[in-house]
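A, B and C label the chains in the order they appear, each numbered from 1.
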Amino acid sequence: MNLIHSRPPHVRSHESNFSVMGDMVISLVPLYLMAYFFYGSRTLVLGAVSVITYTVLDFLCTFLSSRRVGILDLSPVVTGLLIPLMLPASIGFTPVIAADLFAIGVIKQPFGGLGQNIFNPAAGGVAFAVLTWSDSVFRYPVPIESLGNAAARLVSSPAASLRLGATPNYPFTDIFLGIYPGPMGGTGVLILLACFGYLVIRKTISWRPTAAFLGTAALAAFCFPRITTGRFQSVLYELTSGLLLFGAIFLINDPATSPKSQTTRTIYAAIAGVVAMIFRYLGAYEEGLVFAILLMNAFSLFIDMRYEKIRHRERRALYAEQQTETV
Amino acid sequence: MAGFVKLLMIAFTAAMVENAIFSRALVTRKMLFLKNREEILTFSAVITLMTVISGVICYAADSLLLYPRGVSIYIRSALYVLIMAAVHTAMIVAASRKVGEWYARAKNVLLMAGYNVAVLGTILLCSFNRYNLWERLFYFVGTGVGVTLALVLLDVANQNIAMSRVPRIFRGLPILLLYIGILSLAFYGLIGHPITF
Amino acid sequence: MQSSRLKRYRHLVGRFDGLLTRTPVITYGLAIPFAVMGTVDARAAFALSVGMMAISLLSTAVGWVLKRMGQGREVYMLVTAVLSSLTLAGLSRLPLGGFQMPVGMLGIYFPLLAVNTLTFFLVTRCDEQKSLPANLAQAARSVLSFAFFVMAVSLFRELLGKGSIFGVKVLSSLQISTVLMPFFGFILVGMLSAFCRQVNRSIRAWCLIKDREEAMDAKTEEVKA
């Protein structure tokens, strides 16, 4: 009998790491195309530099720790693509490389590498870049205007206006199409929703955690608006500014760092939505999503274990009931 | 009402924003590797009690004796340690007489929770900032809540790390320090500026 | 049977027990607040080291006496804490020119040395069957190891974070403020701990490989002969 020892979840489907990560890479390509359209070829160069740095470092660390280097492992490519998308197009190469180094050297490899990391490497790397280069990370080029010269005129994003209690001055169509300053991959609502739809149809991710995250964030924005022009406007601007939508799709659904079952992942996402809004409202930076994700990652296993205990108690109660019925 | 909100903000700052363990590193080895829920509860309860009782007595000493004489913080600190030692000894004597069985189990934890950097550090911070009695009480309770939260997070951390295939050189203390560093990074998103000490 | 090169290495590092092996910060995780928060400036680290040495030696001596008198842990921890805080109060008043400023820079972390776990550990580990000088030597080795560690880390952090060494500006262009934050201290101490473990393992593995090669060569020579 051939017994295979592996960590849960025990997947019995056509899915593999390659297919899941392949779908993630495909879903990130339109975001890079959108960024290229708005800000020029610099965005593609940033993405390429990040992917090459992250992949090389990951393979090197895996090789040095005497583990097998998986050539078909696309997870470094995914994280390498994610990091620049959370930063402005005008960011220098140093913050991106530093974020990659931090993500590999502190967040991923010391915990055991692929699938063993507790914290999201992309969120950790960007959090480090936010703390070190807090001036450049929250200054964005104006879309289309900065084609060819990404650092031409840097402005603040709608998230900064919300923080000051001012209503952002962008029409709904611009927000839907992504023609407003913000992180490279965080602005185009239409494209982000299309990428989300692709991942859901391919069954790479489920719609429930994203919906739960956005639901609780919307509820918080509705109940505690930071602007005076109405609660629905507050919900609209809060959800479409910064990295909230991007994080809801790509960071919340990370298979290694989020809880394992559908129900627990939904609960985790709902709590993460509230924590993300707390960091936005009370935190020091206009976008605290990456810090909220890191904090919630610490609780993934806790939520799984608590839920299992409750289910176990329910099953025992049901079993006891069935026993008394047969007797 | 505004005063009460200010006091609540002080408590929130002590618990979350300037957390004793994640933002000020007031942590000992014993706190990193507590074994079970009973030890965590004992530790946090003793730290909170010690902080509140010693802190109130230290405030009395500050306002009646030390502030009027302009005594320096280092000599004030010596007096605080004396007060802490007296309170801790009284606690141990009371525990060994009233709840002897529990005391025999919890002796180790009691000792390390009593002479603890978190307790003295909190009292010193309030003394530095010259908080009044109510501000200090809310700060102490906030710190107690923050330390409890941090110890629970550390217990969760140990469970998380046990489920990962951590490389041999990182097992034990190094990976836990990295974990605390990452959580400290997350908490820094709330503070955003270097905290004074 | 232990190979000779490995034995020699173990014997060599064993002579520096507390200094090179079984170090307080890296191996046991003692005095973490001071290693993480007190290492943002080299002068502050120096003040910490001086304070730690003074209170550890004094506490070890007093603890040794109390243990010989048969006193329990509660008593010598109480006496250690009180004596240490009085010593630190005295040290803070030292008229030495450059000492008061780093003590002030440390804020609450200098008086906090009174209840640091390294001193408690040294007093607890103090063996009343051995002589006082032997115990003091062991305590001194541990505190020297702590001092080396905090000085090295603080020089690194001050250079990268403020571009200075001992307050003297050497690099005006380099000032990475993240290096001075608490989270960086935790990560740095954790990484250094792992690095030292790796160095130790590599040296032991090298000794083992070399000894086995020599043993194989010796056997081949025997067979040939």
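Note that in this section contacts are C-beta pairs under 8 Å (C-beta built on N, C-alpha and C of every residue); 3 or more make two chains touch, one makes a residue touch a chain.
Treat the numbers as computed from the prediction; the structure is a model and nothing was measured.
K.L.:
Select the chain whose centre, defined as the mean of its C-alpha atoms, is least distant from the mean of all protein C-alpha atoms.
P.N.:
Centroid comparison flags B as closest.
K.L.:
Looking at every pair of chains, which has the largest contact count?
P.N.:
After tallying contacts for each pair, the winner is B-C.
K.L.:
Indicate the whole-number Å distance between the mean C-alpha point of subunit B and the mean C-alpha point of subunit C.
P.N.:
Taking the average C-alpha coordinate of subunit B and of subunit C, the gap between them is 24 Å.
K.L.:
If you average the Cα atoms of subunit A and of subunit C to get two centres, how far apart are those centres in Å?
P.N.:
Each chain reduced to its C-alpha mean, subunit A and subunit C end up 40 Å apart.
K.L.:
With chain centres taken as the means of their Cα atoms, state the distance from subunit A to subunit B in Å.
P.N.:
Between these chains, centre-to-centre, one finds 34 Å.
K.L.:
Would you pick out the residues of subunit C that each touch at least 2 other chains?
P.N.:
Correct list: 177, 181, 187, 190-191, 194.
K.L.:
Hey, what residues on subunit A touch two or more of the other chains?
P.N.:
106, 110, 128, 131
K.L.:
Hunt down the residues of subunit B that sit against at least two other chains at once, touch-wise.
P.N.:
As it turns out, subunit B has residues touching two or more other chains at 170, 174-175, 178, 181-182, 185, 188.
K.L.:
Please give the residue numbers of subunit C that touch subunit B in the complex, ascending.
P.N.:
26-30, 32-33, 36-37, 73-74, 77-78, 81-82, 84-86, 88-89, 92-93, 103, 106-112, 114-117, 120, 177, 180-187, 189-191, 193-195, 197-198, 201
K.L.:
Report the residues of subunit A in contact with subunit C in the complex, numbered from low to high.
P.N.:
These residues of subunit A touch subunit C: 106, 110, 128, 131-132.
K.L.:
Could you please specify the touching residues of subunit B with respect to subunit C in the complex?
P.N.:
For subunit B paired with subunit C, touching residues are 22-30, 32, 72-75, 77-78, 80-82, 84-85, 88-89, 92, 111-112, 115-117, 119-121, 124-125, 128, 168-170, 173-178, 180-182, 184-185, 188, 194, 196-197.
K.L.:
Under the stated contact criterion, what part of subunit B meets subunit A in this complex?
P.N.:
For this pair, the touching residues of subunit B are 153, 156-157, 159-161, 163-167, 170, 174-175, 178-179, 181-183, 185-193.
K.L.:
Which residues of subunit A touch subunit B in the complex?
P.N.:
7, 65, 106-107, 109-113, 116-119, 124, 127-128, 130-131, 279, 282-285, 288, 290-292, 294-295, 298-299, 301-302, 305
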